[in-house]
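Order as written gives the chain letters A, B, C, D and E; numbering starts at 1 within each chain.
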Amino acid sequence: MTNLINRAKELLENGTVKVVIGYEAGPTGLARPAFITDPAKAGKLIYDDRCVQNLAVYLTKAEVKNLGKMAIVSTLPVMRSIMMLISEHQVMGDNIVVLGISTEKELLDIADIGVMKGYIEKCDLRNPEKDRETLAMLNALTPAERFAWWQKEMEKCIKCYACRQACPMCYCIRCTVEVNQPQWIPVQANPHGSTEWHILRAMHLAGRCISCGECGRACPVGIPCHLLTMQLADQVNNYFHVHAGTSDNMTSVLSTYEPNDKESFII
Amino acid sequence: MSDFEPKVVAFVCNWCTYAGADLTGTSRIKYASNVKIIRFPCTGRIDFMLLLKAFANGADGIIVSGCHPNDCHYTSGNFHAKRRWIMFKELMDFMGIDMNRITFSWVSAAEGARWADVVNSTVTRIRELGPYVSYKELVNKSVEEEVKND
Amino acid sequence: MARIGVFVCHCGENISATVDCGKVAETIGKLKHVALSTEYKYMCSDPGQTLIKEAIKEHNLTGVVVSACSPRMHEPTFRKACAEGGLNPFLCEMANLREHCSWVHEKNELTTEKAIDIVRTQVEKVKLNSALQPIKVPVTKTAMVIGGGIAGIQSALDIANCGHKVIMIERSPSIGGHMSQLSETFPTLDCSQCILTPRMVEVAQHPNITLYTYAEVESVEGFIGNFKVKVRKKAKSLDEKACTGCGLCTTKCPQKKIPNEFEQGMGMRPAIYVPFPQAVPNRPVIDKEHCTYYLKGKCKICEIVCPTKAIRFDQPDEILELEIGAIVVATGFDIKHADFFPEYGYGRYKDIIDGLQFERLASASGPTSGAILRPSDGKVPKNIVFIACAGSRDPAKGIAYCSKICCMYTAKHAMLYKHKVHEGKAHVFYMDIRSGGKNYDEFVRRAIEEDHVNYIRGRVSTIFERDGKLFVKGVDTLLGAMPVEIEADMVVLATAGVANSGAEDLAQKLHVSYDSHKFFAEAHPKLKPVETNTAGIFLAGACQNPKDIPDSVSQASGAAVKVAALFSQSELTREPLVAVVNRTSPPLYSTCVACGMCKPVCPYQAIELEEFKARDGRVVKKAARINEGLCQGCGTCVAVCRSKSIDLLGYSNNQVYAEVVALLNDY
Amino acid sequence: MSENIYKPYLMEIVNIVEETPDVRTFRLKFKNNEEAEKFSFKAGQFGEYSVFGEGESTFCVASSPTRKGYIECTFRKAGRVTNSLANLEIGDTVGFRGPYGNTFPIEEWEGKNLLYIAGGIALPPMRCVIWNTIDLREKYKDITIVYGARTVSDLVYKDELKEWEDRPDIKLITTVDPGGQTPEWRGEIGFVPMVLEKVAPSSDNTVAILCGPPVMIKFTMPVLKKLGFKDKDIYTTLENRMKCGFGKCGRCNVGKVFVCKDGPVFSYEQILELPEEY
Amino acid sequence: METTRKLIRKQSLEKLYAHLSGSRKIYAPVTAANKQVDYKYNPPYAEVASDHIRSTLSVKNIVFPKVENLFLFTNNRTESTITDIELFKIPEVVLWGAHPCDTAAFDVLRSIFCWDTKDEFFSQRVEKLTVIGFACHKSDDYCFCTSTGLSPDSSKGSDILLSRLQNGDYVADIITEKGNAILDSCPGLFEAAPDEKPVITEVKVKFSHEQVTAKLANAFEHPFWIENSLRCIGCGACAYVCPTCACFDIQDETKGKNGKRYRSWDSCGFGLFTLHTSGHNPRQVQSQRWRQRIMHKFSYMPDRNESLGCVGCGRCSSGCPVDMNISEQLEALQNI
């Protein structure tokens, strides 16, 4: 933590960056995103188990970008998000300083995107373990059971779009649900509208989800919608042998193809 | 169940399957009239959301068909579509939405008879599966909110 | 305001026999905004079309649905009729009641109901159609031919003879390509130089052709009719205008031991050289890598001896910026070098050569003036073994394809050898003899029957040396895989034809796709073998796959016709059924966020990211833009666009959505 | 049964005028006579117009309350509702609820000169009050209308412009942006603020009613100030996104002011009080 | 009406629940497997939660459903016909177990839905609603009802307010006629109230809402908004869990010729909430939208609707994925 604070301070002091995006402790003891612009306030930065939010979502937020060049406290999911955002032309790699945090909570020396790539390659890129267990549980059910299981979740949805807003990859300025010519997704938060919304969201993240689980965590009514995108992340790797967010030059799996892509259902 | 006439929508590309279905006609091969075709320039154009919209509007089954791999009029549209369907199918399976109701096929412009087979086998299958109750319920549950308090 | 006219065709009885057309027309007539719904026996007939034209005027129709046969049959007919009736042709749709309904179903209520569904769907669609205008793209009537081999030469001459300007780019100092290296050509055995040289000269002298040799494509931008090509004209160290081509410099150059590329390394050349006597242009270039002056800073003998003072040591490379309307890629092929086959001992044994080297040995203008002499000691080989399929059709070597020309040239080589060394023995190891083509099989038969070439069906496993002699070891599969061992004075490998060096790089510059072997990819394997998937770029010759001369020439002429057709009008007219990325006023500019997902899916490289700048020059927004000159309207980009910022005219999201809804719901 | 405030009147389209390729004017008649008789509105008010199945869209009533028996609205094809409105035909049904909002204080203006300044598609919200005051012509002194559009074809109400032009008691100045003119164009060429400056109407005993795109307002205000207009004598209408029309749905407020209840008509004096949120 | 206090024993409470659910729908909180508490219709009494601090969602959907049809219509060739929603069919509902913040919110909602023009949909639902409130014996750091003029045992909005005694029995304050009617329908379940104080949690006062309102009057341009909303990601969670947020959207949906116009919850936090078709957006960035949310509740509503738009339930803060803590911000605002 001291290393992190010192590094943040140094970056702000020598003008390398204008803002450091990290975590601070809120009054209720929760960690929350912090935007440090004053080196004297770098001491507020923390990094511990409470710091779970994927901060990469702020890299595309207009008012944060307006602050100037950014440094960002980056765990693996953040780093993978950054890779995706660079690949998709949303941020410029040389415009951000990555304050990498290892799984042991140590400050990493991520000099550039190349180093970050090397680091990511060495990491376990699978879905988090507890999610793997839930996925396995669901995959063991019959389709009808899975339908019932998901419908119970969908009934809870209030279409607040916290799942979308919390996701670093959902940076579109106009989401499909906001298109009304035609009205692709029913506006209503009813079982139909909610089911189609979650299908849409998961499909749009196919090959792009970096398994941070932020969508599920953000859901105020507790829908584990991250399992949808994580299942697809698994399948993307299964079919196309790709993990999202492993390079700054990724082509989405749904934007490319191999003539011999395997499937067994097209007759 | 015997008087159940399934509604089946076919999403096909202009260059292969649509032309193949034309050939079925030219060859006067008969098939079930439950299937109605919507023409697209290419399977690559077919948005996965349209499949859901078909179910939401009451389709009991869907056929998606285009050019065989390597035969795409636009070289690669069907390959992109293939990947899209792989992901879509995995997601639908995971959500428990019945993929037996969708036939994905490649039917070329020369395969008039095959088109009839694809249609007939799909209609037979959907007939056995019966009306797509669970999706209709999903939609209806949402339609009939009216005065209920929840 | 929507006023739709619906015309239900009986098609004689083709439709009305199974579909109750009257009921269809009546039911559809009750739909919202259907101003007219009528039936007629033959809509495509003159009176039928007149019916439409008059109805358009009478009812002030804003859309027409002709419910008849397949749109693949009569869509152009009815769109034209609508246009003649004063309605934008793209406001006309067809409902396919014949091929997709009456012909495939029995006569019953369900069939008529289906017909109604089909028509209703098109009615709902056509309400959302918009009047579209054909896209006009201006065309610069100058073609560029890349590559000066026989394919490029043929294309250039054909285009030039159609009256269009052609710029030919050749990376070596002379045009002529591989054909100029050949001795004789199959199946006629006429001299290659004799038939090629006049064409080369014609290129040089043609008023419509500008030739740049020793030049390469640097970059290509733009699109069909409007390419901007940068060409690097490498410095020849020579004032070409001043030089008379006297050749004095080449004889005086002190560097003489440079392996001659034209002779496939079997002869030597100086540092200032003309690649071969018939070269076009017949002007020397200085090979900077070997020139004493460039290497050591002194010499300049050529400058001293040059009678016209044409040598320019300080000449820089020149970048030409050219405006081009169409491009023919004719960059040819190369052969796999024999060092690819360690088992055959190429390199270790001097007397193992490849096919092109044999061509030079057999050529009257070659290093041996046409005598077949083996490289090691200059003796006439008494026993010669030709190995066909050296590399080709060998998936283990990574080349699964047939190189197509080897069977024929191996037969030719064997014949040439027998004609020159009458007492010699020629053996050919082969897998299959592929001699499809006019007079080709006869040619091979002649080699076997008249020239007694010994054809052995089987593969060669190894070549080894024993007591200063080469032994070729293989099997004869026609004799039940019997091992064969043949003593050889010389071995000629018919190595596989492969993509030319730099093909991949060029393909990327041109945005043309290429296959896994780096051969350029045609737009359609059957119906568009000459086109690439980038509009306005065509293929000629062996850059697409190995080809013989007649095939290359035919394709080259084919490509020339494509170019001429393109140049036949000053504007290119294209169907406006293209994808568009939405644009709105600032500060939004577009709902597109430039994620770039659409870019790689486009088979035509029609999508680029456009930058929007504020007054101070800052980039404030990026969004995808689709070049309507390139887009072919497949719509794959539309389906992958997450923010639905792309739409396809004619198959818009609104339209296809309305179709789905209309097909499944009663109104 | 109690009243459903979201239930629109059913209206029949009795006339359609294609003002420009994108702009239509509908004349709407109540299907129910009772409703027609009970209905009244004043200049400046707006309503929610709907296509059943597509939704509602907000625009001003463009006809004058002095013309009884119908209302008119003018809209430009822009979104889902206006696009589907544009597809409708004479005889089709639309929904209308309203009138909502406040009105132009035309009684206060009696005895004064009126200067109407509009740009592009902003003439419709003003047409109502223009006709209203024209129909009560004797109550007002000079009436001057300055109307500009990007091009000649973007000018709406072409027939009425002609009528106004021909009337001796109205001074009409039309203008199009440079480059937007046709060979036959006999009006002014130039942007509205510049034309206004050139015309230089007197601010003495005059009320200015200004409506147009933000950029036009921005450049016209200084001209009006220069001509001596006081903030309280300049009126405009605001358009914010609305859904309900009753100050409930939460969209249209500018600070604590509901455009749907307290507006849409504001004097410039009031506008200056508002936070920058419109 | 004069408030009367009664005793209702633990066992009688269950009987009361059974009695009420016999005649009408009952809406009560239930603890789910993942520990969150959600309201359900007619749950068995055994499942009804009584120890929770706050349910995930507020109970506003009982009077302002997340989706509510406004009318149905049918489109024919040129005609359209409208079918009214039969509001008289709205069932009688008993809300059971709601805390004072949630019950007080009905008044706040009324101040929006009926401030100028009466919204019948809302009014009818309120009419059919009987509220059995439960005073809070537990609270947490997110609670700040006392800062909004309420208290953990406020009877505002309840027809009967139950407060727990040490031994698990309850005292019942009968607040309204509706409450009285219940009392009259099952007098045997109620006994005379003891003179014992119920267990009521203590909720610290964090700020003075009057002072906040006063400060906000001139705070529109304050840098506070940007500084304190940088981490806001613009989701609608706070508005959707809020018991008093009432912004809504009106949309149409059709199937064939039949369709409906409905309203559904909306949020001022969404970027497209105020977006004009032209692309112009009066509230273009998140800080402006955050400002609107606070201003609306603490400045505009007191001014225009004569009620504070907040009841201090703390859901928006506890449900916020990025820890936007509203009471913390209000505390800061009263001192700017």
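Assorted remarks:
Criterion: contacts are C-beta pairs under 8 Å (C-beta built on N, C-alpha and C of every residue); 3 or more make two chains touch, one makes a residue touch a chain.
These numbers were taken from a predicted model, which means no experiment stands behind them.
Steps from chain A to chain C, taking the shortest chain of touch contacts, total 1. When the C-beta pairs in contact are tallied for C-E and for B-C, the bigger tally goes to B-C.
Most remote from chain C, judged by the distance between CA-atom centroids, is E. Between chain A and chain E the centroid-to-centroid distance comes to 32 Å (mean Cα coordinates, whole Å). Computed centre separation for the pair chain D/chain E is 40 angstrom, with centres defined by C-alpha atoms.
Mean C-alpha position of chain C lies 60 Å from that of chain D. Residue positions of chain D with contacts to 2 or more other chains are 55, 79, 89, 92.
Shared interface positions of chain B, i.e. residues touching 2 or more other chains, are given as 48, 53, 57, 70, 76, 80, 84, 142, 145. Shared contact sites, meaning residues of chain A that touch two or more other chains, fall at 173-174, 176, 181, 183-184, 186, 188, 190, 254-256.
Of all the residues in chain A, the ones that touch chain D in their complex are 180-181, 183. Of all the residues in chain E, the ones that touch chain C in their complex are 75-78, 255-257, 278-279. Chain A makes touch with chain B in their complex at residues 138-139, 141, 143-151, 176, 184-186, 188, 190-193, 195-196, 198-200, 202-203, 206-207, 228, 231-232, 235-236, 239-240, 253-259, 261, 263, 265-267.
Remark: chain C residues 30-32, 584-585, 587-588, 665-667 touch chain E in the complex.
Interface residues of chain B, counted against chain A in their complex, comprise 48-49, 52-53, 56, 69-70, 76, 79-80, 82-99, 103-106, 118, 134, 138-139, 141-142, 145.
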